[in-house]
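Note sheet for the following structure.
Letters A, B, C and D mark the chains in the order given here, with residues in each chain numbered from 1 onward.
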Amino acid sequence: MLSVAVVGASGYAGAELCRIFSAHNEVCLKHLYVSENSLDKNKKISDLYGSLRGRCDLVLEPMSDPKSLIGEVDAVFLATDHKVSHDVAPVLTASGIAVFDLSGAFRISDLNVFAEAYGFEHEYPELLASAVYALPEFVDLKALRATKMISLPGCYPTASQLALRPLIDSGLLDLNYRPSINAVSGVSGAGRKAKLTNSFCEVSLNAYGVFTHRHQPEIAEHLGTEVIFTPHLGDFKRGIHATINAKLKDNVTAEQVKKAFAVYDNKPLVRVKEGMPKLMDVQYLPYCDIGYAMKDGYIVVCSCIDNLLKGASAQAVQVFNLYYGFDELKGLFG
Amino acid sequence: MLSVAVVGASGYAGAELCRIFSAHNEVCLKHLYVSENSLDKNKKISDLYGSLRGRCDLVLEPMSDPKSLIGEVDAVFLATDHKVSHDVAPVLTASGIAVFDLSGAFRISDLNVFAEAYGFEHEYPELLASAVYALPEFVDLKALRATKMISLPGCYPTASQLALRPLIDSGLLDLNYRPSINAVSGVSGAGRKAKLTNSFCEVSLNAYGVFTHRHQPEIAEHLGTEVIFTPHLGDFKRGIHATINAKLKDNVTAEQVKKAFAVYDNKPLVRVKEGMPKLMDVQYLPYCDIGYAMKDGYIVVCSCIDNLLKGASAQAVQVFNLYYGFDELKGLFG
Amino acid sequence: MLSVAVVGASGYAGAELCRIFSAHNEVCLKHLYVSENSLDKNKKISDLYGSLRGRCDLVLEPMSDPKSLIGEVDAVFLATDHKVSHDVAPVLTASGIAVFDLSGAFRISDLNVFAEAYGFEHEYPELLASAVYALPEFVDLKALRATKMISLPGCYPTASQLALRPLIDSGLLDLNYRPSINAVSGVSGAGRKAKLTNSFCEVSLNAYGVFTHRHQPEIAEHLGTEVIFTPHLGDFKRGIHATINAKLKDNVTAEQVKKAFAVYDNKPLVRVKEGMPKLMDVQYLPYCDIGYAMKDGYIVVCSCIDNLLKGASAQAVQVFNLYYGFDELKGLFG
Amino acid sequence: MLSVAVVGASGYAGAELCRIFSAHNEVCLKHLYVSENSLDKNKKISDLYGSLRGRCDLVLEPMSDPKSLIGEVDAVFLATDHKVSHDVAPVLTASGIAVFDLSGAFRISDLNVFAEAYGFEHEYPELLASAVYALPEFVDLKALRATKMISLPGCYPTASQLALRPLIDSGLLDLNYRPSINAVSGVSGAGRKAKLTNSFCEVSLNAYGVFTHRHQPEIAEHLGTEVIFTPHLGDFKRGIHATINAKLKDNVTAEQVKKAFAVYDNKPLVRVKEGMPKLMDVQYLPYCDIGYAMKDGYIVVCSCIDNLLKGASAQAVQVFNLYYGFDELKGLFG
């Protein structure tokens, strides 16, 4: 039985972690933290999320000093703002706590790229260098288990990489044609905040952050190639649908493409299907569904995830399960 | 050609007034005002509402002193907070400007009821006494045209009264059975504000303000009978659907009920239909649709309006048209 | 380990049963049946419901003769049309199979009322008399376990009875004031069918079946009192939100009402809350959430369920668990 | 005053034509036709579309023989299936009636491409050759007014061409990089039909018709270049949002791109904006909104239309207005 804390528990990803751990029989969820000046502190998580009532009724504690966690827990999930993760993670890892970071603080290895994308200088380059970027279907298990600093991929990067990596790893793409990723996210991706742009009456399908979104360099680094990445806000609560246009090398066959995607044959959370995937098939579920079509040397790949699950919390627990050697799916369908 | 200003133009009802007046050939919309500390001031209304671009591109001016409107305009529409209307209206009416108030500041005649519902004491009881509550299908035109202080009904009260008044005025209801009004409103009814409760991911069908909503005393006063009023927030942007349960007096016939609703036969914006009305038939339109069914001495009446149109701005202009003797529908379908 | 079959598996309730049983470790789901002329036969359930891929990939078999189930399974869930349940159930119960019927075929005990509501004469009055109507929070466990014919409540009747029974059973209501139930259902309540009225562009909040819906007599019989029941179609996929207006007897106190609802204190799937419930808190979950407010001798009670779960499949498995003595919640959160 | 008939009036585009003509003071809408075996025949259009009640209450007549229209009307709008338009248009044009065809029957000039896209051989190549493809912002007015056979662009092709033509016409694109068009359409694009795929509970963001949609060759022909076109179904009723990825020629400047889009400066229905467009700004309106961003030699262009208006009926009437020399916007905001 492992003791676990969630920092930033009042956000949407935090709440999903609470739900998952309520069904995970190897974990004792000991503490939920919010920032010390949060209005939510001292409330129960189930006061914020009525759906959790009876399943997780822990109180949201204000966190002043991460050191208070030392000796208390084996692992900490950071569902926090990038800067908070950046500041807190070193304290925790230094004392032997495994950190599962859902923020972007440890996803980009180039310090200049990081600074431009996140708006502040990274102060812990050594910890950053030791961090393992854990897309679970591709992560090196040995390296994963050798670190305390686990960086989870972003939501868009998860959908993008799961769709593109089989093709790139198999050398099937003509990368002179820069792949384009057009992805639509549900509003929960913007977090649980009172903002006019998230207000019900203001939400309507539109592109945003074109050429400027911080997930672009993350995708580019981990795919090893430049991409045009265009995120959109859609008028639904949960999920990401990504449509990717790419060019195949000359004479690539359907058989070769099929074989490339067979990399997922023994991966329980990636479902490659005939035809194109549908967002609702993965909403509230930890899967990534993938479909594709090809013609005239071009390929269109579509992938769907629940941004809060395969794109955040379920993936974090999937990695946690792999890290500690539990069944990869434990808790994920609870 | 009348000169008109809108105060509180940046809200949803204000924007609809701009749209309507852009199609109203007897009106010159001269000024749009927002509060002096609004972040929207000095922006164009079409910067806030892209749909208006090319149709209304007026700048939102900060309003410091309502006296600046004297001599400038013939009529002012107040799409403001109740307290602002309460403070501004006396200045305007005193100088002969016709005030069309979309707030609740002049809807309730009993000062105690008002104070309890709105949380402040009414300071202008004489102006309040001279105000005409202008539900256009029932308003006394002579009285309307004799005042400068026109108070427009609230959104829920419009849907409720249009459904119930024909039955009550015809004496068909057994009011010992207190009628219940269950109404669902789109989120725009909560205004254009950054609030967590209006956030896309937080909205989901629920009742609110049960037994405490300030539209209850408004409905009760103008119907002349107590009602149980339960408002709900629905997950759509615009519209109100009201379902009303009431008891008929003994031996009331279908023919009598039909005759009661015939009061709308020459009212162009109320459509009584066979079967039950559907919200989408009135969204973005200035109509109120009504249907009903009766059995065992009980009657269920449903009414639908667009809360921003028949429930606010279109009705305000309908009343404005009646006030000045224009075609009742002028501008409403622009 | 019990062997189970689902008849009518291709519908929305059937698919939810498949999902639940995929997480129920005391059940072997052996057969899924559809009608012999269904276009879905010989497809996998996961071809129809992509969300089930990897969790339930059973083939939909055409069912010609219910006798083929004898000796094959211990229990059968009928997620079928009323007439099919009516015809099939006697064959199954006669051979000792426990039948959990989600249709309306065995919910109403009065044969005349049944015929009027369902449009055909009931041919098995003896079986009907032996059927147990199993609202799990109120069912007599001894009687339940003594029958083979278990009739599950309808979706609207579940939401309605859970909200009203504590008040009626405690004698707190003045039933001379006929309670009104105004309920809004998601579109899945209309079934998985190609109908213009269910078409995405045609759905918009509206009342239907006013005074004529077959759930009215079901509610009235099992509450033991007449009600005005008005169902509505809402523009969401899943869930029912019911708002109920009723009159309290003179001098009933808040304390008495609270005590009445304390009947649910040890019922894990009914959550009575302060304030009003929100539909999203129960969507995709097996709960019923209840809230209420009272004033001037009247009470408004709101209840929320997922129509496919507490209103259908999860409740059916909850009853199944009680019937066989399993943990009441087994499988329900899978 | 021109006399006009609509064939296929019961569909969504047909209903929008009725609405527009009810506000068009140069048109007398004389007949609405549906196919002779339609269940809707002899109903009023406002029985199908409650929103039209009081504005257009014409009866839907069954059409057996298009010749019956000769001498009756000046112009006919075909909001029909491709094959019906193909069969009916020659009869009408032969007798001097101007035909505004909203179907795809006369959009593709290559007979082989047509046959592959539409599944039947075109039997009227001469009429096809004389047809004018009327994207109003680019159409040659003289040519338009010289024909009787006006072919209106499809919904996706309208959004696509309005976004791409300024760049292509100005020679700014490196077309060795095949542009990709990723477009999401509301469900009304699929027509008013009882189909399971359009059923409310089945709709969820997904790509369809990848590499096979018949709008691909239409776009390619009229842009004069190949494109990758991926349509998606979105869970909203109305509108198309298109996101286009393309490569600029070396050293193309922001100034040049801006100048290219200045082609719309005097086009009242195309609004080029800073930042990216939002679908809701064009829903229920006849506009096309366009925004773009560029970096590293690539450009992303987004365009939004209401698929039933700028993508169908409003554009058809815009062309009709140009054809007859009326104000281009007449009726479009009614």
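Here, a residue touches a chain if its C-beta (ideal position, glycine included) is under 8 Å from a C-beta of that chain, and two chains touch if they have at least 3 such contacts.
The structure presented is a predicted model; accordingly, all values stated were derived computationally and were not measured.
The chain with its CA mean position farthest from that of chain A is B. Comparing chain pairs C-D and A-D, the larger number of C-beta contacts belongs to A-D.
Between the Cα centres of chain A and chain C there is a gap of 37 Å.
Work out the mean CA point of chain C and of chain D, and you get 46 Å between them. Centroids of chain A and chain D (each the mean of its C-alpha atoms) stand 40 Å apart. Each of residues 235, 277-278, 280-281 in chain B touches at least two other chains. Remark: chain C residues 23, 49-51, 53-55, 268, 271, 273, 277-278, 280-282, 284-285, 287, 289, 333-334 touch chain A in the complex. Residues of chain C touching chain B in their complex: 177-178, 180, 182, 184, 204-208, 210-211, 226, 228, 230, 232, 234-236, 239, 241, 243, 245, 247, 276-281, 283, 291, 293-296, 298, 300, 302, 304. Across the complex, chain C meets chain D through its residues 12, 186-188, 192-196, 198-203, 235, 237.
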